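Just below sit the structures, each encoded as structure tokens.
Next come two complexes, and both contain chain A; in the first it sits with chain B, in the second with chain C.
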Partner chain A sequence: MAPVPKSRPRRRTDRLVASLTAHFFLILGAAFILLPFVWMLLTSIRPASEVFTAGFNPIPSAFAGVENYSEALTKSPLLRFMANGVFVCLGILAVQLLFAIPAGYALAKLSFRAQPLIFALVLFGLTVPVQVTALPIYIALARLNLLDTYFAIMVPFFLSVFGIFLFRQFFKSFPQEIIHAARLDGFTETEIILRIIVPSAMPAIAAFAVFSITSHWNDLYWPLIVTTSPDHATPPLGMMIFRDQETGSNYGALMAGAAIITAPLIIAFLIAQRHFVRGITMTGVK
Partner chain B sequence: MADLTLSGISKTFGPTRVLNDVSLSVRDGEFLTLVGASGCGKSTILRVIAGLEPQDSGTVQIGGRAVDHLRPKQRNVAMVFQSYALYPHMSVHENMAMPLVMSRMSLAERLPLLGRVMPRRREVMKGINAEVDTVARQLQIDALLGRKPAQLSGGQRQRVALGRAMVRHPDVFLMDEPLSNLDAKLRVHMRTELTELHRRLGVTFIYVTHDQVEAMTMSDRVALMDEGRIVQLGTPADLYHNPSDLRVARFIGSPQVNIVSGTTQTKGIAVSDTVLPMQVGLPAGQVVSVGLRPESLSLDIVPGRARLTAKLAHVENLGAEVFLHFILPDSGDPLVLRATLDAFEAHRGRLDQAVALSVDTSRALVFDTAGHRVDSTGRMAAQRPMVQA
Partner chain C sequence: MTAATLSVSRNSQMRAEAIAGYAFAMPALFLILILLILPIIVVFMISLTDYQLGALTWSWVGLANYAEMMADKAFLRSLANTFIYVAIVVPGSVGFALIIAILVQERTKSKAIYQTIFFLPVTTTLIAMSVVWHFLLNPSLGPVTSLARALGFGDFDVFGDPDLVLVGLAVIGIWQLVGFNMILFLAGLTAIPRDLYDAADIDGADGVWDRFARVTWPMLGPTTLFVVVTSTITAFRVFDTVAVITRGNPMGRSDVLLFTLYKVGFQDFNIGPASAMTIAFLVFVLVVALAQAFLIDRRTHY
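Up next, the complex of A and B:
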């Protein structure tokens, strides 16, 4: 047998071990995050009698998906909740983009005297938790008689300092020479944003949209404070009302409802994922 | 077409003074190059002329009219950028049409959706398309009009950027190192092409570069800048043969001018083992720098010329000519000599020992310790109408 150079297989096994270790931790982390989802899906097709039986049986004894899902869809206005959720999320996102993109552009590319101060305030704004401002905003909405409206659910999130910060960071790397060229060609600043900046900022917009939609679709705290009727309830709040009033302890149907309201987010993320992951590509610049 | 005048332009960025009282007149149709090391303020001048950066003080006049209060597009200047600055998501055609769309259509007409139903738009667009096609044919990029910038090579992007500047028929072309992103071969080619373009258009060009070869080969006049000031303004030949300042002598010319230190004496300037017979009007005993261009030295013994003894260190053979790198034995100063291949071959046998090099003192340049030119021709040069000392 020819002597085999020792270093090479050694290195290969080293790499294998490293890769296995990395995958082990990734799988562990993924399992930790995915297990509740899997359990939710399994429970949503379990017969009601089986939900509280003792022991750990991952596979349902009988398939009760049809009953559970139809109960979730018929006994509660689930589609109404989801329509509310879509309306609220898109409303918030639209206004956020409307303010955050120009603000981010101004902070990244224009020079004016108060710029450092305003940027500092934006950073400061990032540190203020939503709960801090909840009470004053609630009182203001109550005085204005606006409680229990779509507007009340959306208004605290219209100005996203996170969005301003994200777009500012993204626009910072946009080549100044292209903006100079656009000014020489006669673009107004608004046109620069709409025709030059926005088309090249699609990855950032997609990333921000994912953050924004996920957090507001899933938000329970604020809708719970400002809405009382199911008319304006967003999906998580709707689920809560649904649990209290209609189903009591029918966890199968509850989980079916939860699965239905989670689905749009997962689908939306899968669609935006490519943009989201691709990140920043500036073609044709250099 | 227009002449252009800068008077007393100053500009500071924070604590750094980028432009220091710069004044400059550019004649109508002239090709003027601003050359200097990076950070000397040459690109800032272009941006001030274009209106992209406001100056702290001073005035810009284009065609005899002050433009300081005008927005960039109202100044009717076009700029070609180092990175070309093409709009990445637009086709070549859209890129080139953009300046015309912006100047000929109203705000409503250029709106993405509403604009389509505006009555005049179609007709205007037709005119714009025809003009874009004409310019594209001139630049031989008509086959590329449908492509995006990312699908083009560096040279093609360069042409598109030129085309975008040409369609608007500007009074002044501003070029900010347009060739520095191209490979060496293409750069040489584009040099000729830009010069021809300038001749054909007859428009004022202001061209910024850090490459002295571009400055020397393309320009009518060259302004050499350093630390936010214009050190010397003149024809390329003027800057080469008659630099007013040591910085100019060093920057212009390749290989670089040889600088050897010397001391003034009553009979001339003592350099190494010889005395150069030159009168510079300085008292004896002053330390000066003597600039000798590589072609002011020769291997042949010329009667009546001073001779410097030096030792050969290195030979660069370029084919038609040869650069011989010598070292002065006492000071260790390097000395480059430009020789024809024949001259090199004729003297080759004796080059392994220290040899005497003839010095053409009529072309030597003498500078004082502050870097100012002090020999007679230099003083004449200093008295010329110069924009700035």
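Up next, the complex of A and C:
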């Protein structure tokens, strides 16, 4: 039996109702997601005295953004924390790339006896979180008198098994003929990596950079363990230090501080959304 | 070139390749050994000793640290709390993400903006946003509590109430994870061939629910399984929100595994029990990873 064709107007109203319902739920969800961001920004420009009486009144009575943001920047070395964050993230990323790209190339394109074993170790490493190795690495750093240094904050992450895995997968699909032709032209393996593989791997490098920088800019567990002075504190740790000084006294400045610390990644995300979504969800889609 | 010289040159090429392979893989292998394998061996060995930080002597104590861990009420409580937290965050973040992904996928003009909004928490520093959430739900100053009071729901103190604290933390967990899961579901949805919906349509399955039950849900099986596994691992590692907002309070009702591990190992420096907990944590993570490998292998070939 042929399906009974529905009349066009009914389908159109159906579709309108469906679309309105969808928007209703999506806007509800979006409001929940945006609530803390909006409230953070509103409170960061609200006069300190009003915070205690504002309740759920969203609109500040006066603009106190200048006071709050300048207090956030002067009361606590927020810019220092951010600079630490940039230094730590770039340091980690540079070393990760330096180790992971050649290893990924070796695992994808060169054949040698230990290759399957190394790849198995990489796959095993993918499942091991940093909290597992934290204790012995901490003890080693304590013995070497290296606690509370930039090196201590960075060292467990110099190895990125995820990076090795990612580059190995990416290089795997690189045409063997090109590598072969380069060898016949007298390229050494190092030249092949630097002049052929790396330029072609820029999308993978960009995605990995986003992944690595967001994870280490936001990481709290390890910096909290190895850092004791605020000198080397990364942004999340700085946020905690700032919060502890400010307890209950000035929410305006506290929210301004939160806005300053989250701003770089949010702005970068809004500019390069595609890279962010790709880079961060790459851990998921293998 | 004769066959002999060809095979010699092929041999030398293979040798050159092997040498290069070792040269490029060795630095990474060195890091794997000193930053991954050796620490795991060391933490396992320490878990069998009475080693103390800075001590010059130590002795083997067998499974005493494990026995102490299993008898430690705080540890067992944190394990139970972690499971409760996972049991709220996983269904919440997966269920909402699936609904959002289906609704977002059918939008044309607004798709990008919704995606951006839902993904925003994934990139944001959770520590800073935890401070904001703490303020939002502050029992006297927070707008959410003021609103609830004005609407007649009475007073509530999410992070001070032993029965609500895990729910409060789980809401933040869902808030952070839902956009990530949405992206994974969107990838799964795009991979479903349009023809299947057309075929279902011809079969009379043209309602929203019919399309979901007959096409979307069965086709998303592998994606859903994957999202559940990654969400479980993420939720199991909850730490940041607890460290910033509750520190395990009230009455240890929000103590979670990694926070307890942090306190025992790096605040009390109780190295033996902390390394036993680390091994327990590793075993759990490996079990989930193996389950994932096993399940995904079986589920993808129907």
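In this section, the second predicted complex is superposed on the first by the 222 of 286 C-alpha atoms of A that agree within 3 Å, B and C clash if a C-alpha of one lies under 4 Å from a C-alpha of the other, contacts with A are read in each partner's own complex, and residues count from 1 in each chain.
One rule holds in what follows: contacts are C-beta pairs under 8 Å (C-beta built on N, C-alpha and C of every residue); 3 or more make two chains touch, one makes a residue touch a chain.
From a predicted model like this one, the values you see are computed outputs, not experimental measurements.
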Task: Please work out whether A:Ser200 is in contact with chain B alone, chain C alone, both, or neither, and reply first, second, both or neither.
output: first
- line: Partner touching more residues of chain A, chain B vs chain C, is chain C
Query: Touching A:Ala182, do we find chain B (first), chain C (second), both, or neither?
result: first
Task: Examine A:Val132 and indicate which partner it touches, taking first as chain B and second as chain C; both and neither are also allowed.
output: second
Query: So, A:Arg113: does it touch chain B (first), chain C (second), both, or neither?
result: second
Query: When the two structures are overlaid on chain A, which partner does A:Val161 contact: first (chain B), second (chain C), both, or neither?
result: second
- request: Would you tell me the residues on chain A in contact with chain B in one complex that are also in contact with chain C in the other?
  value: 183, 283-285
Statement: In the complex, chain C touches chain A at residues 13-14, 16-18, 20-25, 27-29, 31-32, 35-40, 42-43, 46, 53-54, 96, 99-100, 103-104, 106-107, 110, 114-129, 131-133, 135-136, 141, 143-144, 146-147, 150, 175, 178-180, 183-184, 187, 202, 204, 208, 226-227, 230, 237, 239-240, 243-244, 258, 261-262, 265-266, 271, 274-275, 278, 281-282, 285-286, 289
- prompt: Which of the residues in chain B end up touching chain A in this complex?
  reply: 47, 50, 52, 71-73, 77-79, 81-83, 85-89, 98-99, 102-103, 107, 110, 148-150, 152, 157, 164, 181
Statement: Within the complex, chain C is touched by chain A residues 3, 18-19, 22-23, 25-26, 29-30, 32-37, 39-40, 43, 51-52, 54-56, 58, 98-100, 102-103, 105-107, 110-115, 118, 121-122, 125, 127-129, 131-139, 142, 155-156, 158-159, 161, 164, 183, 189, 193, 214, 217-218, 220-221, 224-225, 235-236, 239-240, 243, 251, 254-255, 257-258, 261-262, 265-266, 269-270, 273, 276-277, 280-281, 283-285
Message: Quick check: in the complex, which residue numbers of chain A touch chain B?
response: 175, 177-178, 180-188, 191, 195-196, 199-200, 282-286
